[in-house]
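The two complexes that follow have chain A in common; it is paired with chain B in the first and with chain C in the second.
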Partner chain A sequence: MSARVDDGMAAVSEWFDGRSDAALLLVLAVGLYALFTGVSLVLGYDLGGIVNTLRRITFLSAIYAMLVLALNLQWGYTGLFNLGVAGFMAVGVYTMGMLSTAPTTNPPGLGLPLPIGILGGVIAAALVGAVASLPALRLRGDYLAIVTLAFSEIVRLTYRSPVFETFSVAGLSLGTGGSTGMSLPTNPIRILFYENSQEVTSPPSAFGEAVFGTFEAIGVRAPVVEGTAYAIVLLFVVAGVYALLRRVGNSPFGRVLKAIREDETVAGALGKDTRLFKVKVFALGCGLMGLAAILWRIGGLASTADFRPITTFYVFVALIIGGAGSNTGSVVGGAVFASLLFEGPNFVRRVVTQYVDIGIGQTPSTIFEAVGPLASLDVTPLLAYTISDVNVSALRLVLLGVVLIYLIQNRPEGLLGHRTETAASVDLSERPGGEDR
Partner chain B sequence: MTTTAPDSDDAPADESAATTDADADAPLLQVRELEKSFGGITAVDGATFEVERGTITGLIGPNGAGKSTTFDLVTGVQTPDSGQVVFDGTDITGWRPHQAANRGLVRTFQIARELDEMTVLENAMLAPRGQVGENLWRAVLPGVRKEVVRQEEQLREQAWETLEFLELDHLAEEYAGALSGGQRKLLELARVLMIEPEMILLDEPLAGVNPTLEEKLLDRLHSLRDDGYTFLLVEHDMDVIMNHCEPVIVLHQGEVLVEGSPEQVKNDDRVLEAYLGGEV
Partner chain C sequence: MATDTETNTLVAFVRERAVLIALGLFVALLVADLFRKLGTGALTAASLAGFVKDGTVLGLSLGLAGIGLAMTYSILNFANFAHGDYITVGGVVGWITAFLVTGLGSFEAQPLVLLRASSRTLGISVTTAPVAIFLGLVVSVVVTAGLALLIDRIVFRPMRGQRGIALLIASVGVALAVRYLLVFTLQTGPRGLTAGQATPSWDLPVGGGSVTITAHEATLAVLAVALMIGTHVLLRYTTFGTAMRAMADNEDLAQVSGIPTERVIRTTWLLGAGLTGAAGFLIALERGALTMSFGWQLLLLVFAAVILGGIGSVYGAMVGGLVIGLASRLSLVWLPESFIIAAAFVVMIVMLLVRPQGLLGGVTTV
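Then we have the complex of A and B:
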């Protein structure tokens, strides 16, 4: 049995090795969409429901892909163990919020145009990243991890603090909303469909009317159309971030980053100012994390609950699955994590509740009540307990643990981590001119 | 006399390895009264010596004599407690390693430190000075990247030539981690040669290298010296020191014990005493 699993794994890796990155990503996307379409059909969703399911996994996959790509630059390429991902994400979102929410809302913002808010958020996250890296430059491995983790918690608790719920600077009042959170500007995709994109109650524009009408006719409601359009835009953003980081990696700059990861002393002895490179990598990576977080939360609520260390942990798991050091692997890891491991358990719960009659109010409230009936071969209470609303996030963690243990034992380099992504701006696979020179 | 500030890292990459300095007669490296203690142990205790241009100078001494620490102090891996290091007329005391390297003074390590997960070619191409593509914006922005690509093509050719010179070209696409001990030593040398420095400090370059390869390596060192490179060599193999180095400096307990030609050193009673640890 286990031999067969290993064979399967070997076949999978062989298959992975032989494909071009584009083909790989395409096959992955088609596979995931087919799977989730299938699950939606099993659940009896109509077309609107199916589209909404696909919208959700696309959205989450894109956000995670961006986060994982940014972390891959820091950890996969440079070996910087940044455990403060969530903190830098929070800096991006909150800065954007404070710059761009209207002065009339509670908490108030500065009411600047959204592009300025987004740019400001990204720059703030990059600057905070650069500053955070300064004391960390002398630290390696675990110590850097501890400092960045503590830093992200300080950021989160600062945004949560009642002191900053609303405050004024130079006569302008703004705030973070403290523990209640901050409602962020509306999703910019609304510009396409509404007359006044910033008003939630705005009537649709002529184009919006036409599009909504068309899709309404086949059962896809307006919010789903809007969300799907946004998810598609995000895919293009991911492609942009991917192209950027690929260029960074395939360059003399990327070569120095790899050298720092392998042996910082050697990089220094070869004349590279490693501290400067590390600050730049922190700034760039953290800026991208801020951007991903802005795109994640925009149109909704910024709440410090979203930026707990668990978020950092999720991004790391996704990177480990995809394979640290590989940009394509990062995208694969982000998509696989977000759709199968993050969203998967919810769908399992829905499917199980559809086919197993658990009975309302029959879900046991403790593990003992759930396990007890096993003595009489009754597994329903345990099943009900496992997939209950309260426990589904715990189930996700159990699943993550299993996947991590399996990967570390059988494929520690992740799905694509063994791939070489050449650190040069030119092809190194053969010598131009060859032997006759 | 050059008075380069410590921050100017951007030495021109195409600077010839041969000495073109007007002050060609002055020693390339001057080490004065260098001291370094770790807790109660004094590793280097007032070492003073000079290395002339175009020599392969040997640095020997029994274990614990302070050879490796002296290397660390000269190349900036560690900071001396007191003393002075002057390289090519510039006081480089307390410079960080990358600054010394960009000034033309580089080192290899006693235990070969390869960048395992990088290919041999990537290892070699990492080293050169003044790579425009090490600037993040230039590496990324369209348009200016053309210049990076052009320089990369040059570096790739230079890397191939260096690997050929050291007979590593058949391994160019292998991961450095897959190399044997001797091949790693060659790759270390290839890397520092790619920097095109003026002086190379070699920390036991022949340890763990088989006799055939050793001959080859020494042969290369001589031809490089003839091209104008200067070497300071730490080695335990006395035959190598006696046959290939001139002059030889003997360190003992952090001080320079004797300095002179191989014959002088070989026949000095204090050297024997230092190595054998007793009266002769």
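Then we have the complex of A and C:
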């Protein structure tokens, strides 16, 4: 069984090898969309429901792809094991929130324009990343992991503390909302569709009216249209981040990063200030994590519950699925993780509920009530217990743990990790005129 | 001329130890401020003593929970992120046993196993149910050690010789799987365990006020110290201890010297995880409650203790635990309560900067 899964993954990655990255991503997208359209049809969703399902898959895939790309820059390229992803994400989101929410809301913000807020959030995450990296980079791998994890918890506990729920600096009041969280500015995509994008109750603009009308006629409601437009914009952002990282990776700067990953002493001996390079890479990666988190939470609520260490582990699982070191692999890993591992179990739950008659209020509340009827060969109570809301979330995390162990034991290179970006600017494994030929 | 050289040496001295000196000044400032606060009455001697007591109890918990981590860290060279969930497993199985021993016969079995029975009605404390507590402790040791061996067989053994980071990632997977299997079977939510207010306690008078020490705090402290001394004797005076220290020092050399490395690793897991299970059970006893993630929430503090003491040093884990415990509770003198955990992490990070080898670094597992 295990060997077969491994063969399967090997076959998939071999098949990937023969194709260009664009074709690969296209096939993946078509495959995931077809899968989730099929599931939606099984569930009896109308067109609006199908579009909404695909919107959610696209949105989460894009966010995770961005996070994984940023982490890949730190771990895959440079070999820095950063377990503080969630903390840097929180810095980005909370800074953006404090800069851009209106001074009249609770907790109050500074009410600056959104682009300044987003830029501020990204810069803050990058700066905090740079500062955190100064001590962290003197440490070896596992210490770095523990210190960054502790750092992200310090960040989370600070934002959660009642001390900063509301506070004032130089006469301006600000706040993080403590444990209740803070509501963030409305989604910028609303500019397209509404007269006053910052008002939740604003009437749609002429363009919005036309678009909403058209889609309403085929059963897709306004919020879904809005969300879908935003998800599409996010795909372009992912493309932008991908292009940026590709450029960074292929630049002389990127070659030094790969040299550090391969052998830091050698890179140092060649006269490169490896520490400075690491600080820069940490800052860039953390800034991108802040950006991804801002795009993830904007229009909703910033809550410290979203920035627990588990969020970091999600990003790591996605990176390992795709394969550390490969940018295309990062995007693939983000999409596969978000749609299959993160969202998949919920869809399995819905499909099972559709086909197994459990009866309202018949879900067993304890494992005993679930397992007891097995004696009389009745599996329905156990199934009902297993697919109840809370238990699916628990089992999803068990599955995540098992996948992580499986991958690291059997396929640590992930789907595309064997294509690790080479450190040299020319492929040294090919020796024209050498003895191998 | 002579003074010139002396100044230069002094400058060099200061430059080399800038962080250390700054840290020393900071600590001196805090101590001075502590005395000022005591002098002005902003802080009473009783509440300071209370912080010290709480810090000591927490420190002993962390130290006890840290020994197992330090042992596996030194032998297998990886940070085991599943360690926190071994603590939880120890607490959960130990307390299910204690509940069953106390309540079976007069209560329904199912709520006892799910730890849902009313802790007040059961009324477990060291004085009312010493047998239940003892059996719970034994079961927590046995089950946690067995679980650790099983997981080593399935997860870590096939990965022997791989890099620490790969093992670390695998241990994160173990942590998730173990924790959420517990959640799946027992469901989330805090569980009350002991008789609470009915637990015997003593008031010690301290400068006008008093400090309360409960029987469970005393139990934890006594057993933690006893287990630490026991571990020390075991590692110092038995063949296994020598073999383990040899392996921690240089695994290849140990292997060619004829030390059965696999057997030493197994014994290390048994011993380390057994102590961890006991720690989980005793910490739950002292707190009087547990959740399915209490071990995970302690994990970073345990790491802090182990790193502070110097990875792989069992004494270090004990000393580190006390330092972290005292630092986090004493930080209450200056910081609001929401920052006590953060304060402990800051101490760890600063420590790593100043002395990456740990307080007792260089002394490997003794």
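In this section, the second predicted complex is superposed on the first by the 405 of 437 C-alpha atoms of A that agree within 3 Å, B and C clash if a C-alpha of one lies under 4 Å from a C-alpha of the other, contacts with A are read in each partner's own complex, and residues count from 1 in each chain.
Rule of thumb we're sticking to: a residue touches a chain if its C-beta (ideal position, glycine included) is under 8 Å from a C-beta of that chain, and two chains touch if they have at least 3 such contacts.
Here the structure is a predicted model, which means the values were calculated and not measured.
S.K.: Scan A:Q354 for contacts with chain B and chain C and give back first, second, both or neither.
M.R.: A:Q354 sits against neither chain B nor chain C.
S.K.: Of the partners chain B and chain C, which touch A:F368 in the superposed model: first, second, both, neither?
M.R.: So A:F368 only meets chain C here.
S.K.: Would you sort A:T214 into first (chain B), second (chain C), both or neither based on which partner it touches?
M.R.: In the superposition, A:T214 contacts neither chain B nor chain C.
S.K.: After the superposition on A, what does A:S168 contact: first (chain B), second (chain C), both or neither?
M.R.: neither
S.K.: Quick check on the superposed pair: does A:V147 touch chain B, chain C, both, or neither? Answer first, second, both or neither.
M.R.: Touch status of A:V147: second partner only.
S.K.: What is the contact status of A:N106 with respect to chain B (first) and chain C (second): first, second, both, or neither?
M.R.: It touches nothing on chain B or chain C.
S.K.: Taking the superposition on A as described, I'd like to know which of chain B and chain C A:A269 touches: first, second, both or neither.
M.R.: It touches chain B, and chain C stays clear.
S.K.: Of the partners chain B and chain C, which touch A:N196 in the superposed model: first, second, both, neither?
M.R.: Neither partner.
S.K.: Considering only the defined contacts, which chain C positions touch chain A in the complex?
M.R.: Contacts found on chain C: 78-79, 110, 113-114, 155, 158-159, 163-166, 168-170, 172-181, 183-188, 300, 303-304, 307, 336, 338-339, 341-342, 345-346, 348-349, 352-353, 356.
S.K.: Quick one: which bits of chain A touch chain C in the complex? Just the residue numbers, please.
M.R.: By the definition above, chain A touches chain C via 81, 135, 138-139, 141-143, 145-147, 149-151, 153-154, 157-158, 160-163, 313, 316, 320, 366-368, 390-391, 394-395, 397-398, 400-405, 408-409, 412.
S.K.: In their complex, what parts of chain B are in touch with chain A?
M.R.: Those residues of chain B that touch chain A are 9, 75, 77, 96-98, 101-102, 106-107, 109, 113-119, 121-122, 125-127, 129, 131-136, 139-140, 145, 148-149, 152-153, 156-157, 160, 172-173, 191-192, 195.
S.K.: Enumerate the contact residues on chain A facing chain B in the complex.
M.R.: 244, 247-248, 251-256, 258-259, 261-263, 265-274, 280, 284, 325, 420, 422-426, 428-429, 431-432
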